[in-house]
Amino acid sequence: MLKVGLLGAGRIAGVHATAITSHPGSSLVAVSDINTAAAQKIAAQYGAEVRDTDNILQDRTIDAVLIATSTDTHSDLIERATAAGKAVLCEKPVDLSLARARACQEAVASTGCPVMIGFNRRFDPNFSALKKAVHAGEIGKPELLSITSFDPAPPPVSYIKVSGGLFRDMMIHDFDMANFIMGTAPATVTAVGSSIVDPEIGGAGDVDTAVVTLSYADGRIAVIKNSRRAVYGYDQRVELLGSDGLLQAQNMLENTVVKSTTQGVTGAKPTYFFLERYMPAYAAEWAAFVEAVDGAKPLPVTLDDGVAALAMAEAATLSVRTGAPVSIASLIG
Amino acid sequence: MLKVGLLGAGRIAGVHATAITSHPGSSLVAVSDINTAAAQKIAAQYGAEVRDTDNILQDRTIDAVLIATSTDTHSDLIERATAAGKAVLCEKPVDLSLARARACQEAVASTGCPVMIGFNRRFDPNFSALKKAVHAGEIGKPELLSITSFDPAPPPVSYIKVSGGLFRDMMIHDFDMANFIMGTAPATVTAVGSSIVDPEIGGAGDVDTAVVTLSYADGRIAVIKNSRRAVYGYDQRVELLGSDGLLQAQNMLENTVVKSTTQGVTGAKPTYFFLERYMPAYAAEWAAFVEAVDGAKPLPVTLDDGVAALAMAEAATLSVRTGAPVSIASLIG
Amino acid sequence: MLKVGLLGAGRIAGVHATAITSHPGSSLVAVSDINTAAAQKIAAQYGAEVRDTDNILQDRTIDAVLIATSTDTHSDLIERATAAGKAVLCEKPVDLSLARARACQEAVASTGCPVMIGFNRRFDPNFSALKKAVHAGEIGKPELLSITSFDPAPPPVSYIKVSGGLFRDMMIHDFDMANFIMGTAPATVTAVGSSIVDPEIGGAGDVDTAVVTLSYADGRIAVIKNSRRAVYGYDQRVELLGSDGLLQAQNMLENTVVKSTTQGVTGAKPTYFFLERYMPAYAAEWAAFVEAVDGAKPLPVTLDDGVAALAMAEAATLSVRTGAPVSIASLIG
Amino acid sequence: MLKVGLLGAGRIAGVHATAITSHPGSSLVAVSDINTAAAQKIAAQYGAEVRDTDNILQDRTIDAVLIATSTDTHSDLIERATAAGKAVLCEKPVDLSLARARACQEAVASTGCPVMIGFNRRFDPNFSALKKAVHAGEIGKPELLSITSFDPAPPPVSYIKVSGGLFRDMMIHDFDMANFIMGTAPATVTAVGSSIVDPEIGGAGDVDTAVVTLSYADGRIAVIKNSRRAVYGYDQRVELLGSDGLLQAQNMLENTVVKSTTQGVTGAKPTYFFLERYMPAYAAEWAAFVEAVDGAKPLPVTLDDGVAALAMAEAATLSVRTGAPVSIASLIG
C-alpha cells in the first residue's frame, strides 16, 4: 500500500485525491496547502490529515507525494521531495523557466527517485488506443501528425499574465502529445499566433490562437492548432497520416442521442472541459504511477519528457515573435 | 446517512456495493449470501459485515436493503423486508410468476414502504437524455418507438432453463424501456420468435431471436427486437419517431479512434456488455433511490412498473406460442 | 441500340426518359400519354415523338417499352406489350389485385418476353453494396432483418383512396427489399398498423404507420417499419444481423457539413424524397434492364418478384385487420 | 444557347464536354487537340466537330472556349481567346510563372471578356454549403481555418518535374479554397515541407508532404495540409473555427454501408479521387460560368483569383526553401 501526501488542495488536487483513494494500492495520508480551509475540506472528504509540507516531506512513512501546487513551486518541491526520498507525481508544467527545469532535472538525477510529470492526456483511452495502433504498425510509417486542441473559453487575463502564456500553459500538453505519438522530439519549431479571440490577451503579451509546425529530422511533420475558445466545448482531436492509412482520435460527446428534425440532424456537444473529458485519464495516470513506483513497469512520463515539452514551448514563444523556425538543439543542445 | 444491507453477493451485488459506498449519503453495513465466501469477499472489500438475511432484516438501524439474490427469492424478500419497515431496491424481474408478483404488490401496498425495481437502463445517460427530449416536446407527439437490444453472446442453456425465458429475463428490460419512453403500458402485445442462434435454446423451449410489437390504445406503436447474439458487442439502441422528428440513442463505443485504410474506415466496437455499458447507470440508479427514500423526489421506478413489465413478458410468451396478439387487460385486467 | 417507347409522361416517366437517353445503348423513340401536353413536353426535351400507345406497341422497330402509367393499367399494358413481342420494364406495383397480377404472370409466361418490375431500390448503391456483403458471407448467416422506410410527408387523401393503401403502395418496396436481401419469401406476415399521422387517412380506411413482421420457414425474422411522415426527410435504412455481425445501410445526407455550436453538433438532413435519393438507382436500374435484354445477364427483378411483393402486401392488409398472422401459401399456394 | 469550343481533349476535357452538353443552355460545337485521335473521340461522343484551335478562335459563331490544354499554354490561349472576343473558362493554374500570369491578367483586362478559372472545388456542394453558412454568420467571426487535402497516390515523377511542384499543382486548389472561405488573401505564407512519401519526388526538387500556415492582416490564421498519398482515398476536408462555433465539411464516402463485427465497425472509404468526388462540382461550375456569361450573375472565380492563388504558391515555394515567412505583398505588391 503506497502512502501518499498531497501537496496542494485546489480543484485538480481533488481530482487526484479521488484517484489516490479509489486505487486499491494507495492511500491518502496527508494534505497540505497554504489555504488551510481547502486542505481541511479535502482531508475530511477523503479521511486524510492536514499537515504542513515540511511535515509531509519529513515523514518517513510517506512513500510518495503528488504535487498539485502552483507552477512556480514545482521545481523546488520536486527537488525537496526527491531529496527526502519520495517518489513524485508532479502536475505539468515542470516550471515556466526552461533553465530552472533543467537544473531540477540534474538535481533529481542524483537521487534516483522516480519523478513523473502529469501529462494526463497520454492516459486518455482514445489517445492511448491511437498510440497503441501506431505502435502496432496499423498505418505503416507515420508521416504527418495533426493535433487540434481548443479550450471552451479563455481563462481570465489575470491568469494569462502568470501562466507563462499559451505555449507553456496550454499547448505544452500538445507538445507532449506530439512527443508521445511521434516517439521523439522535433528538430525545429515554427509558430504563428495572434490574439483574435480576446484583445486583452494580446494586451497581456500573449496569443490566443496559434498554429505550430514541428519538423522532424527524418522528414516527418506535425502541426498543432490551439484556440482559447471553442464555444461548443473542449475540442481534443489527434490525427496521424501514415504510409498505410490514417488514425483519428475524435472527441468524446456528452451522450449518444441524435435528433433529426426539419433543422437538421443534431447530436450532443463534446464534453465541456478537461474534468469531464479526462476524468478516466487521471485515474489511469495514477494507476500507471503506482505501477511504476512498485517497479512493475517503467515510468510512462518522465521529468525528461517535462523538460522536452517545455523546450518546445520556449521555442514556439521565440518563433511566434521572430517569425523564424527555432531549432530545439539551440535551446537544449 | 442511509444504512444499507445487501442481500446477495454475486457479480451484480458487487456493482451495487460500489454504488452504495461511493454515494456520500449511504453506507454499506452488512452483506448476506448463502455462499459465505462470496459474502465475505464483498464485506472485506467494502468494510461491511457478513450477516444472515434474518439478522439484517431484524436490525432496526438498517434503513434499506438492496436485493440482488436469485429471481425466485425476490417476492419473498420484498415482502419480508417491507414487513420489517425497510426501503427496498430489488433487482429485476420481480418474479417469474405474474400472479406471485401481483400478490407481492398487494402485500407491499399495505406497508407503505418504498420499493424500487432495478431497471437500470432508465438511468443510462443516453436513454435518460432521450426521455427528457421527448418530455420537452422536441419531436412533437410520439408515434413509433423502436428498441434494439442484442446481447453479445447467449448465456449457457442451463441458465436459459431457469431464467423464465427471453421475454422474462432479457426483453423485460425493453418492456420497461417502452413504458418509460411511452409513459403508459400498451394495449396488446404481438410476438414473433425463433431459435436460430442456438438450437439448444429452442430445445429448452425458449427463443433466442424475437420481434415484439406493442399497440397502444391511442394508435402509437412500438417494436422491440432482441437477439441473444451480436458478436460485435452489446447493441442497445432506442429510436422514437414523432410528429416533429426522430430521436435516436445510439451505442456507446469503446473509444473514439477511427482508422482509414484501403480496407475502409473502421471505428471501435460498442462496449462489450452491461457492466461496461451501464456502470454509470447503476450509480445514477442508486442515487435516485437514495433521493426518493429521503423524500426529495418520488420513486423513479416502482413495483407497479415491475409488474407491468412482467405482464408484458407473459403476454409475449403467450403470443409467440399462439401467433395471436395478447391484450394486457386479459392478464392484469 | 435498344429502341424504347415510353408509356406515360408523368414525373417518374421524366426520370426514366433521362436514364434511357443517357444510356449509350438505348434511345427514346416515342412517348404516349392521355395527357398530350405532358407527352409533348417529354418528347421535345428528349428528342422523341408523341404517339398513341397502340402505335408504339405495333411499331416493330421498337424493342422495349417502359410502363410508367397509372397502376390500374399495368397488367393490361404488360400483357399487350409482351403479346407484341416487346421487352418490358414496368413501374411497381404490378397491380392492386393479386389475382389480376397472377393472371398477367401466366399470360406473359407464354410469350417468353422479358418483363422487369421497377423495384428501383435494389439498384441503390447502398442497398446493393449491403446485399453484396451479405452474399459474400461477411456477416455469416442472416438472422434478423430490419427495414426502416419513412416518407417525408403523407400524400393527399385523394391519392390514398386509389393507391391500394400503404401496404400495396408504399411498403411494397420494402417487401421486395426483404425478398432481395433474404433471398426468399417469408412464410407468414404479421402486421400492426394505425392511423396516427393523419386521421383522414384512417377515415379513408388506410393506416399511415405500420410495423410488419415476416417469419421465414428456417427461423429467420424480418421487421419492416413504415410511416407516411418523417419531417426530417426520406428515411431509408436497412440493417441485418447475422451470426458474424451486423450490416447497416444508412441514409444519404444532403451534404457533409457539420456545425458545432452551443446548441450541439448539427449535420445535414437526409435527402428529401425518392427523386433526390434514388436518382442514381434509376440509372442503374435501366442499365441492368438493357444488359438483361441484351442477354448479358439474367433479369435482376422479375414479374414473379412483383407478384411475390404484392402477395405480401395483401397478406399484411389482411393481417392488420384480423390481428392474426397470414401465411403467404394461403394466398398464392 | 451558348456555343462552345473545347481546347484540349484529355481526361478533364471529357468531363467538361459532359457538363457542356448536359447543360440546357450550352452546346459543344468543336474540339481541338494536337492529339487528333483524342479530339476525334470526344467529338464523336458528343456530336461536335474536330477543328484546329485557330479555326475555333476565329469562328465568330462560337461564344466561349473552355481551355483544358497543358498548363504552359494557358496564358497564351487566354490572351488569344479574349482578343478574339470569346468568354473563357480555363483550367487551373493560370500559369506556372507568376510574372506571365500577371501579364496575361493585364492583357485580358483591356478586352473586357469574362475569364473564369476552373477552381472546381468552390462548386462542391459541401464546400459551397460551408461557405454559405460562414457568410450567413452561423459561426460568428471566422478565426482559424484548416484545410486537409490529400491525394490517394502520388503522380509519376515525370509529371512532378513539369507540374511546377506541389504548391503550384496541388495546393493551389487549397490556396484558392482559403481565399474563397476567408474572403481575402493572406498577408504572409509560412511553409514547411518534406519528401517522405517518395524520395524520388525529393530528388526531383519537390516535396510530397507540406504544411502551410497563412497569416491574415486582421489576425486570422489558416493552415493547409497536403500529402501526395492517402491510401484510403481522396481526403478533402475543410474546417473553420469561428467565435460562435465550428464548421466542418467532411469527406464524401463511397456508400453508407457500415459493418459491425468482432473486428470493429467499418464504413466505406472516401470516394477515390477527384473525378469521383467532384463530378457534381464540374457541372455546377459550368452552370455558374453560363450564368455569368449570360450576365445574370457576376463571375464566381476570376482571373484575379487565379493570380492570387499562384502568388501564394510562389510564396510557399520560397518559404519552404528559406524557412522564413514570405509576404504576398513582396510578390505582387
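Remarks
Chains: A, B, C and D, in written order; residue numbering restarts at 1 for each.
To be clear about the criterion, a contact is a pair of C-beta atoms (placed from the backbone, for glycine too) under 8 Å apart; a residue touches a chain by one contact, two chains touch by 3 or more.
Note that the coordinates shown come from a computational prediction; the quantities given were computed from them, not determined experimentally.
Looking at chain B and chain D, the chains that touch each of them are A, C. When chain centres are set by their Cα atoms, the one at the greatest distance from chain A is C.
If you average the CA atoms of chain A and of chain C, the two centres end up 57 Å from each other.
Inter-chain spacing, taken between the CA centroids of chain B and chain C, is 41 Å. Contact with two or more other chains is made by residues 230-232, 235, 244-246, 260-262, 268 of chain A.
On the chain D side of its complex with chain C, the touching residues are 125-126, 129-130, 133, 138-139, 244-252, 254-262, 268. Every residue of chain A that touches chain D in the complex is listed here, in rising order: 143-144, 146, 148, 150, 188, 190, 192-197, 209-211, 213, 215, 218-221, 223, 225, 227, 229-232, 235, 241, 243-246, 323-325.
On the chain D side of its complex with chain B, the touching residues are 230-233, 235, 253, 260-270.
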